[in-house]
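Below is one structure, written out as structure tokens; comments come after it.
Here the chain labels run A, B, C, D, E and F in written order, and each chain numbers its own residues starting at 1.
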């Protein structure tokens, strides 16, 4: 599908609705993930922003909820220097109380363990902790299976403990609200596995693409993943061409923004010739 | 059941487990709600705290999640001077994105309207907004049916708008993160109706008792409601007796704390005589 | 101009550009201010939001900066219960240092006094304090002339002191970051008078309309004021009609949202008949 | 002592040093308290600021710690509309742990009760809670003796519970970090009575004058109390004279600031004539 | 003493009471410190949590203040990568004012210098700064003697300056609220040396064991130090055994939690055989 | 001029006044910048503090605005380990709105590009973003010319994106509120170039010296730069002498503070002999 086409058509909407309800997901390919690993986070938010405008132009103006809502603005890179692009698996949260803690504990059926078991290579676990940044429920024992099964990392709006082991021994990439050696809660506070969740105020549907590095965490809706990375790669070349012109002409970048359609077409032609 | 008995027995646990899964709920009577309306919030948290210790003593020490988790510490009284005791109805949240906003809007089937319709006299709607305190999604039109159906009020960890009308015309009691005239989102950000939710980090199961006044919002698990109000009323009389002794003896309250078992028994006897 | 026309045409843009550069301003009439005094803040943000979409549809999709930026989200009503609609006069800020304090103090030429003198009936002074919420530079003496000259109130992202006198004796409406009895600075920290300023992160151009009540502070760009109030008054009647249908049909408001074009036209017709 | 004299002389320093060490205090008279009740908080901070400069000029430049440190900037008026001027009694804090809670509880010898007993008419209890704003240890029973003994109010950097009773039944004025129905701690967290404490980062020595109203809480060191109120009353008249001139001359207040020595002298003369 | 025995007996309480009053302390051996250096912070908080439950079971339910209060949740590792286990020496705080700054400065008798001199090898200085995170009073000159005398590091709820020198030249481990090049205060703001203090809301009694690394700072009460490290080392082996079973059985850790008494006993037996 | 002379004389004031109005600036030499690169941030704030007192002693006590206002307390080192001393170039901010975004965009005349072009070797760009810490407007393309023209770095109270490239490829030193991959705004939000600005609440006049490292960012007014670095270098030697005495005498630093005039003179003599 061309990146100039409208992002979400009528049929897609039907499929999407079903997807949200059933928890089924598109399988974004490993190849697409590898393409996302090479691009900057800013290009991901930029591409989503561009698509918002596309959608707006093709509709009657009432879907203005912003793709800015796809950026988790309060999370910190807890394993600095790591960049990941992975498929989201999810775990939702319900704060425990003494009455629920007494009856809901279920050993290996406890939701966090089920969630870890649902992950494999190319997957990242996104854990809704209802922004409880003071507590670090997830530690080295809970993430051991995520590592053993080849998972890529962990995203949570709570805090994390045992980070040294998770980083150095398991090699997982972790993005969260902070570090804490206090759990503060007993009984599993988790609720459901692989359902749509809110993490740091951002919707994550299982199968969405998570791109994360020291600049933060962004969610790419799975059904848009290919369009987004196509747009990014093209735009990246446009920016490279602008950078070259800036350097050659000893000129301000402002001279070349917004990029002319002529420049965009030139880049598209070059990409077509190179078979990209 | 005597307030000295353990709060949650084996059978209760089974029932409770089912309750959480099915969303069914105990019907706390209007009479119990009226008893809660007369007592201070501090006695509610005090009673829950006492019961935590009771549970601990009767178990092997591993249910220490605190009832302190039943107090919503960041919510403010947005209609100061109001005190309510009501049954919780609930509404859960998923942050919208342009793709979901485009497909999930459903007119009167939208979750917030279904939730409002599920409320009646003696009910309060508890709305999880994932602590999005900057935005005020709920306003005078959305709460109109809550009022029309006889609901008592609204509890949310988001913000509220049109508060003057909600307070003055509808007479609803509102507790929330603040006021805001910005919605910031389009499409319904709500998800499910009358399921267990997290509001300001506190678990609320439909049917739980909400007691709220200018000192904050506390959740009383429905299956404990009678035990809790029994304990509170007895303890209230114990404190009244201590206050009297403090005044009569011109002495520090510290002389009478913790209350002696003799004093507690005296109060129990008096209450028995008065048929309470 | 019809409210269905594009908000800012080519000519308006040229005028506007000049206006920003020269500090000249449109004179929003007292009649328009009186119309704004009667409507809710939420309708103001709603109208601006609607116009954003209008602008987008008529352009090539790249002016998506949101009108949400017109709401000052951190200011509090410091004189609760007051509602104002007034023309903005402005005062900008530069933090003082001992070297500038020593040379820049200029008695009655000090910018804050010049700004106060520039206000008259129907005017509100908007004071950029660079979000210095700990300090209360503006007090009863500095605002005395604002009162004497008939000004309506004061908006600032800093704190205010002597509020009892400002409220009770002067009757000014005040919206700010808080109260503080500490100035913390010496020498006038103010810079320029009646230039575009940022207050709580919101652009205010002298002559813009400020509408403020307990729900917050919103800025209506002066050149849009008439369009905005026209849209609001029409939409207010649409909502009144919906409320009536909700009550009569005992139905959820969701049944009537978004308002049908038929309903909107019916309201327009009624308004035309009534000569509004 | 003239307000033009240096605030702290050599002898005063010796006395002061002893005062801090022994906890003894000057007895600020009820008459001085009554004078403070009539003036604005801003004049209190203004007077202290003036005296800082006085001290600086008479020393070698190294006592620049600011009197701004005498303003408790995070406390809120929890009984709005109340103004007090009272002598500080103090209570210090040590966070409890299970081991200390087990051994340190001492009934009526518990520090908070001893502190309440040390208060009488004209006294306000200042309670250091180490800025633990989430918890409300002080409630209606703990403050009952403060009320019974004629105390004026309560200042704390923690939260307070049972505020309705404390305000309506006891009539105490309360300034604190907020309201909370959670104590969160067991065992008395208090430590020492009537020693110098830090409350919201401000030093309070028993016997200091506390002036508090909706603009906040300020501490006037006891040995400066008379100087400060003298300066304030004179300055108040200077400002009244300026206000009159502003009104009469229809001029900006900036014309009269800083007040000329001639004006100050005229006010002093008038006060001398009136025997003030 | 077995780790199954109740943590604090009647005699211990008496000793402890005296310890708090006199400031005397148990000498935790260097050997115990070395054992703590090898274990994770999470095991320290876990052990304290376990002991809370032990104490509760053996008492009448009223010592529920949590050991969670032993974790300093707002402090950051300012020398990342460092782990320490050391005996606490302490320094308390009183905010200065111009009047106290003028009389309390005492050169080398100033409390911070006395405190530094009280430290030796194996000691860490815990400095209460009343959470004044904006200011950095402690810098390279003040900590020079801590380094010269062989101290291990510095813990404070204020900020620190000259950190490059303190880290690189002195090799001290520092945990604090942040970095700041502003002192903001003049005159020593410190008060007493080697008394119980509150640091970030946590009680520290001189002689307590501080364990700190990138996961935060935890206080182990000195009289529990040996019990705690015994429990940790046993539990660490239990977790190692679980990790091995998880890996061998390709199973979720949830299968083995909470650890069976049989597994615990097997580990105890192995430890006994190995003479640990 | 001797460092014992008053910092700002009458002539300087006149010059300074003109400088602020015209935006012209003193040219602080590269040699002075190199001297600042070698000293600690704490000595910069210390020197400014000393000069505040000097100014106070020579005036009538009314210029007490503190040099503490020269420290940007909320900015973080985003390229840790970098230390810079550079001349400030500045860029001011006005939050955009849809109406201004539509008319104010001006390609390479856009203020941020003009500002970048105004920088050269030894210059750092200080960007007022009105403390909008959530958004990262400045990224790799906008800073490309800053790098190409030999600029030293970037200081802003907003966030920054593309930091990896800015740090690794361009080698710029960056100090800001944080990192963000969201711009959130469209159209240039910038306003004027090389005018006095407020950055994190600190006044920066073009030409001022910025010294920044992991301890933060401090502004040295350009007309004081030489005095400040003279004082610092002398004071640095005084402190080195004290450190030596502390080590040799095995004594507390408190013995030697404040430094005696004799010690200061000895250092001055040594410096004079060495021709410094």
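Rule of thumb we're sticking to: a contact is a pair of C-beta atoms (placed from the backbone, for glycine too) under 8 Å apart; a residue touches a chain by one contact, two chains touch by 3 or more.
On a predicted model such as this, the values are computed, not experimentally measured, just so you know.
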Cα superposition of subunit C on its sequence copy subunit E - rotation in ° rounded to nearest 5: 180
Same-residue or different-residue interface between subunit C and subunit F, half as cut-off: same
Option reproducing the contacts of A-E, where over half of them reappear, out of B-C, C-F or A-B: B-C
Centre-to-centre distance between subunit E and subunit D (centres being mean Cα positions), rounded to whole Å: 35
Touching two or more other chains - residues of subunit A: 49, 52, 62, 64, 66
Subunit D-facing residues of subunit E, complex: 7-8, 13-14, 16-17, 20, 51-52, 55, 59, 62-67, 69-70, 93-104, 130-132, 185-187, 191, 196-198, 201-203, 221, 223-224
In the complex, subunit C residues that touch subunit B: 40-42, 44-45, 49, 68, 71, 73, 213-216, 218, 239, 242-243, 246-247, 250-255, 257
Residue numbers on subunit E that touch subunit F, as the complex places them: 106-110, 112-114, 116-117, 134, 136, 139, 141-142, 144-145, 148, 161-165, 179-184
